[in-house]
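In the two complexes that follow, chain A is the common piece, with chain B as its partner first and chain C second.
Up next is the complex of A and B:
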């Protein structure tokens, strides 16, 4: 067990290092640099550019820059954003909350709807209801999340006017307390709903096939023959067993939750990490980009190890080796 | 030689029989034929040029312009018809790269085992954990967003799944009698790998790769929507990107390309699912 964990940990560290070096090199190979963008409008002299470059350490060779970055990182310093002029870590931590709020809400709704549909469809496999739901699942599975976002904005926000079109809060109103919570909730409905709908098919498919597999178990017939209530068999035994693969899928998908809502965030102008990364790419904000990619890859790596551990504790049949 | 041919025929007939009796797979196949026809006959089907400004911008759908005109006055229907080509090309090329890379890496790792396997598996594990979409964004943003780059980068970031499947296939095939027999007869390791192991283990990769065509089309659409697509390509994602700003005044510009994406992507998912069912007897109902 401990050897396995050590191996997993090593893979995680290697992955993070790989992503880190790859991104570091890629970003600095890019044509166009943040200094030109930052100083672009003021028509700077070469001397001023050189001073700025020296300030951010961009005048040194890539390898030296990489080592300097790593050294600062070990001290817990991710550098200063060139565009925001503030510590990268501060800006990212502001964005992390909204991203988690949006993607977690979307994931939970998708899990609930997808699993419910799976239960309904698996009652009569191949029946009319099963077919209809399955085809709808194909359509949702094939739908670009950003496109669905545009459509729901058009319909519910622009046409019906029920919900706000973008953002997370109504900045003009300046709500506090419960009014603030309500305001955020109102802004959350459309993006979380769009994100959830696109996520439904994954849980539907896994839930349906797992339900159909579980029903074939011998004990189902035994219980039925013994005169046990059908509903009780479902609720007490079948459902529990059938949920295992669903929970696994949910766990694995949680790892990608920080990056998974990027397109939706951008459509709804949600102040999360997705919008942050896109603007950082456009402005070539190197430290900001590095910080985002680093947090993204670390979170995936850490979560994967956690999922493994949770399995080992929760299900003694799974022996880690 | 004659014997194996007869056996292959029987296998093929069984495959065709099973495939044609899978309703969803058949729906997918019919849709694929339709999409291929649209792509091949785009010049005949499209009433206008996809790039010429033919009329006033943002005309609603009408008898002249079935799906309206876009923000620059180009015919939306013609653009969507031509867009089929780009989407298919990106999907197929990216998935082919992913399928081939995955098959080779996985087969080498699984067949040779030992040190080679340990190193390759580590590489597969690392690539599986890399946040792919953001990496793709970065590469495209930096090296320019030509169709060529987009296809390459999608292909080379999506292979680890295939490699994993192929590795376990190769590991079990390695122990089979016919492989051992081939080795005993003196066939070279490389020849065994390419003529025994890969052809016999490739079926799950085929269905997987079909699904990846769908994923690649979706990824390209997302890239174009973020403004990182090839500006010279007639791409559905690009059309949605352009339509976004005129959504409230001209809903059709962004809506119809989205429907085209859904139809095409769903087609490949259905075929992939069907192949999976047909080639994997345990899933057959």
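Up next is the complex of A and C:
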């Protein structure tokens, strides 16, 4: 077990490092650079460009820049954003909370609703209810997140007027304390709901096919023949087995939790990492981009290990070796 | 429950389809920073902005939406930072400023004089002005700001290049000594990234990392309170503002990147004012809405198409002329801008009318003549139905892509195949300006604050040129002469002559004069875009005189 973990850990470190180096080089090879953007529309002299490049270390070969970055990183320094003039870590950590709040809420709602619908639909595969739910799931599956977000705004905020349109807080009221918490919760409902709707079809489809698969197991007939209560068979055995692929899916989707909600964040003006990464790409803010990539790849790597562990706990047949 | 859910989802989709139709609009053609135009007409009436006590209602929280992205910092003079301009215009003041009629208006300087040789500018500052931390503002702050910009290559360093020395004879007087006459200077002291920053905060520090960049200290009508990253910036009324306390108690700049969402927040009453334009496709609905005030400000901002003079085929003036004749500006205006704006004809913006040449304009739309001209030039229609294939390299923008699509159709009529390549702005800039790897491209942007703007767009060493290696030494010389001339009538004639040269060279094809469409809550008065705001000399996006006409908005 511990040897397995060590091996997985080392692979993860190597993967993160590889992804990091790749990104580091790619973004610098792409056309455009932050100095042109810093200098704006006016035409700075070559001398001024050189001064700016030297200031941000962009005058050195890519390899030297990479080593310098890694050296600082080992000291816990992710560098200073060129556009914000602030430590990258500070800016990212302000955005990490809102992104996690939104994505986790959305993911959990999607998991619960998707799986519940799967259980309902799989009772009578091909029945009317199954068809209706499947149809809706396909429609939702094909909807782009930003479009769905806009529809949700138009219906619930503009037409019904039940919920706030966008943002994380009521800009006019400026609540504090518990009122602030409630205010954030109110603003969370629509974006998390929209995000959940996009995620529901995946859980529904996987849960449904998995349920239909496990129902065919011999032990189901055995238990039924032995007179065991149907509900008990479902709850105690079937459900647990059928949930395994769902857990994997949930885990894999959680891995993309930081970057996966970008479109929703933009539509709802949710102050997460999505908008941060987008503007960092547009402005070629290298240190900010590298910081984001690093956090993204680390979170994916860590989640992949965690999912394997959870899987082993949920399914005793799997041994980590 | 299941049935309810299914019903709800179906309803939702239906509502979406209905509502979606009206919301796939054009992006706003207006961005607050680079599209801010002007004339350089000094207005030394010294309009004082003193709110009367029994007039407008006082109080309330004004929420304005900025859709241009996340501000980088609130050091207003460091670099181009459009998302920060709304806060900068309310927290800081400039020496002189510019309103939505693009006139130069007094700000920290209540009046100014320019010596006859155009080499000495004297500004007389308001007395008793204080920074938000209580420290008195003096002429030394102005000196410090200008010197810091020149030393640290701030956004305006190039535009202020003629300033040789800043003299402070007393606390309330600043004298600028110029190395050469520069008639464009006043406009660049009034327009963008020219706010005066506090010497006592910035002196001896790195201005890119100074903590005040996150919590700005200015002299303006509003004081900085808090920056909720990615969400909003909160400001409060400056009780000691030298032109009188603003009417509203709080000003919140809410960041909503998606204009459709921003428009809904305005319609739902969560916000009161949109800094950028709502989607033009919604303009009619907004105009019909009694809760919303709408209008347009004509601005010296325009779209035009550049030829790469480095391409052999385009060096033939007949080919350029034929292309110009093949383009129908009216059709582009109707199809892409739904009629908002105007078909561009001349080689400079008509908004700065004293410098506009309305005689030497682009050739009339005439596809038959264009075809004949191309035949004459020796480009017969080939077996594939085309005479030639050209590559148009554009930056990412809905309006530009839509225009390119219409132009592609129009050029097809004269047997020119157009391949459109769209790049991010950060990749487009080096490709057009450094590599010069394109045939045609579209650009836009502010043509002011002074006609000297033409230099950057057309001179041999112009920084904003989209014509490849285009070079006309006579034009360069004329433009450099014009900027040193102090008599406006003489200058105007020089710029008209310059436009004639551009016309004779067929350097560009003018496309569209941009109107910026705006929408805000009908509960607001005294906005910077309103007539009373413009007449009071409000800066773009300054809410110093904005108030609610509805007592319900004041808690």
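Methods note: the second predicted complex is superposed on the first by the 288 of 321 C-alpha atoms of A that agree within 3 Å, B and C clash if a C-alpha of one lies under 4 Å from a C-alpha of the other, contacts with A are read in each partner's own complex, and residues count from 1 in each chain.
In this section, a residue touches a chain if its C-beta (ideal position, glycine included) is under 8 Å from a C-beta of that chain, and two chains touch if they have at least 3 such contacts.
Computed from a predicted model, the values in this text were never measured in an experiment.
**Student:** Is A:168 touching anything from chain B or chain C once the two structures are fitted on A? First, second, both or neither.
**Tutor:** A:168 contacts chain C only, not chain B.
**Student:** Does chain B (first) or chain C (second) touch A:94, or do both, or does neither?
**Tutor:** second
**Student:** Could you look at A:2 and tell me whether it touches chain B, chain C, both or neither (first, second, both, neither)?
**Tutor:** After superposing on A, A:2 lies clear of both chain B and chain C.
**Student:** Quick one: classify A:158 as touching chain B (first), chain C (second), both or neither.
**Tutor:** After superposing on A, A:158 lies in contact with both chain B and chain C.
**Student:** Any idea whether chain B or chain C touches more of chain A?
**Tutor:** C
**Student:** A:120 in the overlay: touching chain B, chain C, both, or neither? Say first, second, both or neither.
**Tutor:** In the superposed model, A:120 contacts chain C only, not chain B.
**Student:** Check whether A:139 is in contact with chain B, with chain C, with both or with neither, and answer first, second, both or neither.
**Tutor:** A:139 sits against chain B and chain C alike.
**Student:** In the superposed arrangement, does A:266 touch chain B (first), chain C (second), both or neither?
**Tutor:** Both chain B and chain C are touched by A:266.
**Student:** For A:176, is the partner it touches chain B (first), chain C (second), both, or none of the two (neither)?
**Tutor:** It touches nothing on chain B or chain C.
**Student:** When the two structures are overlaid on chain A, which partner does A:150 contact: first (chain B), second (chain C), both, or neither?
**Tutor:** both
**Student:** If I apply the document's touch criterion, which positions on chain A are contacted by chain B in one structure and by chain C in the other?
**Tutor:** On chain A, the residues that contact chain B in one structure and chain C in the other are 30-31, 139, 146-147, 150-151, 153-154, 158, 266-267, 282.
**Student:** What residues on chain C touch chain A, complex-wise?
**Tutor:** Those in contact with chain A are residues 2, 6, 9-13, 15-16, 19-20, 23, 34, 61, 63, 69-70, 72-73, 75, 79-80, 153, 155-159, 208-209, 213-214, 228-232, 234, 250, 252, 254-258, 260-262, 264-265, 267-268, 270-271, 423-427, 429-431, 445, 456, 461-464.
**Student:** State the interface residues of chain A toward chain B in the complex, per the touch definition above.
**Tutor:** Within the complex, chain A touches chain B at residues 11-12, 14-15, 18-19, 22-23, 26-27, 29-31, 125-126, 134, 138-139, 141-147, 150-151, 153-154, 158, 209, 212, 256, 259, 262-263, 266-267, 277-278, 281-282, 289, 292-293, 296-297, 300-301, 304.
**Student:** Contact residues on chain A for chain C in the complex?
**Tutor:** Contacts found on chain A: 30-33, 36-44, 48, 51-52, 80, 83-86, 91, 94-95, 98, 120, 129, 132-133, 136, 139-140, 146-148, 150-155, 157-159, 161, 164-174, 266-272, 275-276, 279, 282-284.
**Student:** Where on chain B is chain A touching in the complex?
**Tutor:** Checking each residue of chain B against chain A gives 24, 122, 125-126, 129-131, 133-135, 137-139, 141-142, 214, 218, 221-222, 225-226, 237, 240, 243-244, 247-248, 251, 254-255, 258, 261-266, 269-270, 283, 285.
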